[in-house]
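Consider the two complexes below, in which subunit A is the common component and subunit B and subunit C are the respective partners.
== the complex of A and B ==
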């Protein structure tokens, strides 16, 4: 059995870590497709219905690339009541079959009991490779994988801060890229901890202006386009180049932390956010739509300068959210960006740049400074 | 006399403006880009040099518009700014009580919402070029009239034809249909203007709170038919500022004047001799990964000045040889 997965941010590192603990290495028991590129997108677009959303197309492209490398068992999420994600696996399985790949899908139900479903999935994968894997080995592999994702998110948080105020543009990105590789290359928790500390230190030591007070923007929206940089045209990096500090409320580690543990204790990661959304939207509209509305309100209260709302083109939940967000009384500018294969990089950059100027001018006005001197 | 140069390289036209301390251009030039921005920038510079007063000293240069990166490298800009900010700044300075800006250019259209002297929201056409200058020019050609006469015909219309404006392709076929039904030319032309304003308001301006005073600028603001359609839609006068077609360049010049005034830097302007320099713009495909990015590069006298266009910054960071 050769397991293949579609890309989603740094999720592949977690999968690789778990697989290594359970005796599968890249190329043998496990196939990690190449990082997403235009080729992935072209494949996905070619073999998807036109009206499908970008996450569908990109994950399909990524799975095709995994199959090209010999994957025969593919992992994909599914669920009920979420959004079109519910039928991703079925549609993609059919398409891969039509393309002549004899691939079998293992789906992960993320609508209920995510923790148990995940363990079950790992067990069925592990037992497919070896006769019987003891439960404690599965659990330990699982936690090791999660540990890496948490470490990476910690490093990224520091990178997001430094990126905005570094003196040499692009330096933090290079360090962050190195960190991702270093974390991916070690296979014990002690080293993961050491590397995390080392790279956070490196980032903090990059020449930067500690007195700078950069414009702060939160990125909210649909989870796939928020987390996967390829899907949003590296919008975080572009904002960093403009000297903006970015915070992403959705991260893999947050999702995992709550979905897998705290939810079982009755603590919902979104309780606060849903409550804030309530005056405008009081029920789930699928996907991450409800959360996007609440996040906007939260960002306004936390004193962010602006919000960038990322949504796949044609994403119903986010379209609902976008229209509601436009009319909340919390006064914070929102830039809606629709992500799809037609999106032009230049157009996106122009909008983002203008948005950042807007935020900067607003700030000057708020602080009683002259917005712009004339004549 | 200190002066600041604003250069707006759009898809269809290239505009250069020279500002001193006031907001009235000292001199300006308006050229058709004709798909050749490098030559037009050079010609524009040459024209400004000839037209400007003798004692002028250029203390700052800013570029804007879709060709801003290229222009910035060519002439040594102190500031490279997006056109939305440039337009907003210029209009706020020239029309102090403005609350809404309609800007329709050659290939894109924008709306900018302003409240109490700050931009609060903006929109830009993303998927459809309906209502932009290029489309109007194309239709004028079809109707066998000059684009300059378009507005005059529209003003004479009494019973405008209802033309579908959701999509340019449908607008065109609808127009052909109305022609074959025998509608008078003036009514078709004004019907087209109305359709384009409808399209603009339903796409670019969707969900935006439009309040007076409204300013209308960009190349399409030359078109009296579109102005009439705007006026009739809002039942109020839409204001077309003087120099409406130069607003982007004026805004860029204002922004660089502000910036150079506050940081005290010396300008990076390479001088008017740029118009004599031989530039070569080329592009190649980076084959380092399957992204196959198209990298643009500009060189002068055989020396590469800059590269851009990649998804990663490999080429931007690469030592320029």
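== the complex of A and C ==
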């Protein structure tokens, strides 16, 4: 059995870590497709229904690339209802079959019993490679994988801060990329902790201007396009180049922490956000629509300068959110970016730059400074 | 007497007789907006975010056309009709979007219908809705019973006589005898038209597709004309347990009519329809397997009569040509 996975941000690092613990080496038991490129997108677009959403197309492209490298068992998420996610696996399986790949899908149900499903999935994968894997090994591999994701998100958080105020543009990105590589290469928890500390230290030591008060922007929206840099054209790094501090609540580690563990104890990460959204939207509309509305309100209260709302083109929950967000009484600018295969880097950059200019004007106005400087 | 406005859009085509009976039994007057026209479309388009699908924009247009004509607007959030199936987000968030986009709109009656939350939640939301008109729970119960009976009558009119929802509503409330639908005396082709009722039967939105086909001598079959059970079974065969309630009927009908060997299947969908974009692929795939003609028409506010007609004619010609070759 050779397992293939689609890309989603740093998730591949987690999967590789788990697989290594369970005795599968990259290339043999596990196939990680190459990082997403234009080719992935083209493949996905070519073989998807025209009006399918971007995450569908990207994951399909990624899975085709995994199949080309010889994967025969593919992992894909599945949910119940409302959003298109429920049919990803079904549609993609049909398409891959038509293309002549004899691939078998293992789906991860992320609507109910997420923790058990995750363990079950890992077990069935592990048992495919080795006769019977004891439960404690599975659990230890699982936690090791999660540990890496948490470490990466910790480093990224620091990088987001430093990016905005660094003196030499691009330095933080380089350090962050090194950190991803370093974490991917070690296979025991002690080293993961050490590397995390080391790189956070490195980031903080980069020459930066600690007195700067950069414009703060929150990124909200649909989880896939928010987390996967290829889907949103690296919007975070571009914002960093413009000297903007980016904050996003949707991260892989947060999803894992709450959905797999704390939700079982009745702790919801979204309680506050849902409550804030209530005057405008009082029930779930699927996907991340409800959360997007609430987060806009929350960002206004927390004193952010602006919100960037990322959504795949024609994403139903996010369209509901966009329609509602525009008319909430909280006064905070929102830039809605629809991500799809037609999106061009320059067009996106122009819009983001204009948006950042707008935020800076607003700041100056608020501080009673001259809005336009002549000369 | 309180006036309740029902926009002639979205779920109107599925539940109008039930809603009308319910509100009238509670002593309210029911007003329906006029059929979709250019003004309605434009006013809806002017308010909504561009990516919103056309039927929802039209819904907003209908709501705007009724401002000042009624005291309440009925816009339920039909989240789930059971069976672990939900509706599209835009239908679930409909009342909230309406409130956000049309602040000048009258009071919105927005019961949340979510059968996944259990019976009690359902009863409660109906009771809450009835409370706008009466405090007597027994009167509300009576009204619900009346509504249910009307709904059954409506469905049987459609199913037994092979009428479209619009024709059935006309029959029920105006006693209008339809000109016999066999305009061309003996239809030469049978074509299944699958799609959301609010797309197919909205004459402005669908560019009178049904009439056009009928006048070309085609017998039309729509999802409403097939037994519900058969549709569900067919949908299950195609995709397993369907996650979207209204899609069940559409792809179920696709599969059901394909198995019945109709001459062709036309899918009428709107640009940006999330559920359709995924589900219709399965029907398309099946049609390819069975080597049956399948036409996918995607409508938006820019669709022109001429382009649509050309594609329809070409499709029919193709079917006739195929048959000649086969014979």
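Keep in mind that, in the parts below, the second predicted complex is superposed on the first by the 371 of 375 C-alpha atoms of A that agree within 3 Å, B and C clash if a C-alpha of one lies under 4 Å from a C-alpha of the other, contacts with A are read in each partner's own complex, and residues count from 1 in each chain.
FYI, contacts are C-beta pairs under 8 Å (C-beta built on N, C-alpha and C of every residue); 3 or more make two chains touch, one makes a residue touch a chain.
Model, not experiment: these values are computed from the prediction.
Once the two complexes are overlaid through subunit A, subunit B and subunit C fit side by side, free of any clash as defined at the top of the document. Contacts of A:108 after superposition: neither subunit B nor subunit C is touched. After overlaying the two complexes on the shared chain, residue contacts for A:358 are found with subunit B alone; subunit C is out of touch.
An angle of 80 degrees, to the nearest 10, separates subunit B from subunit C at the C-alpha centre of subunit A in the overlay.
In the superposition on chain A, contact of A:38 is made with subunit B only, not with subunit C. Of the two partner chains, subunit B is the only one touched by A:234; subunit C is not. Look at A:338: by the touch rule set out above, it reaches both subunit B and subunit C. In the superposed pair of complexes, A:319 makes contact with subunit C only, with no contact to subunit B. Of the two partner chains placed by superposition, A:171 touches none, neither subunit B nor subunit C.
In the overlay built on the shared chain, the residue A:69 is in contact with neither subunit B nor subunit C. In the superposition on chain A, A:350 contacts subunit B only, with no contact to subunit C. Closest CA pair between subunit B and subunit C after superposition: 5 Å apart. Residues 323, 326, 338 of subunit A lie in contact with subunit B in one complex and with subunit C in the other. The part of subunit A that touches subunit B in the complex is made up of residues 34-35, 37-40, 170, 173, 233-234, 323, 326, 333, 338, 342, 345-347, 349-351, 353-355, 357-358, 361-362, 365, 371-375. Across the complex, subunit B meets subunit A through its residues 21-23, 66, 81-85, 89, 92-93, 116-122, 124, 126-127, 207, 254-255, 258, 261, 289-292, 311, 313, 317.
Residues 48-49, 51-53, 77, 79-80, 84-90, 92-93, 96-97, 99-101, 103, 112, 114, 239-240, 243-244, 271-282, 285, 298 of subunit C touch subunit A in their complex. Listed in rising order, the residues of subunit A touching subunit C in the complex are 49-53, 56, 80-84, 86-87, 90-91, 94, 98, 280-287, 289, 313-317, 319-320, 322-324, 326-328, 336, 338.
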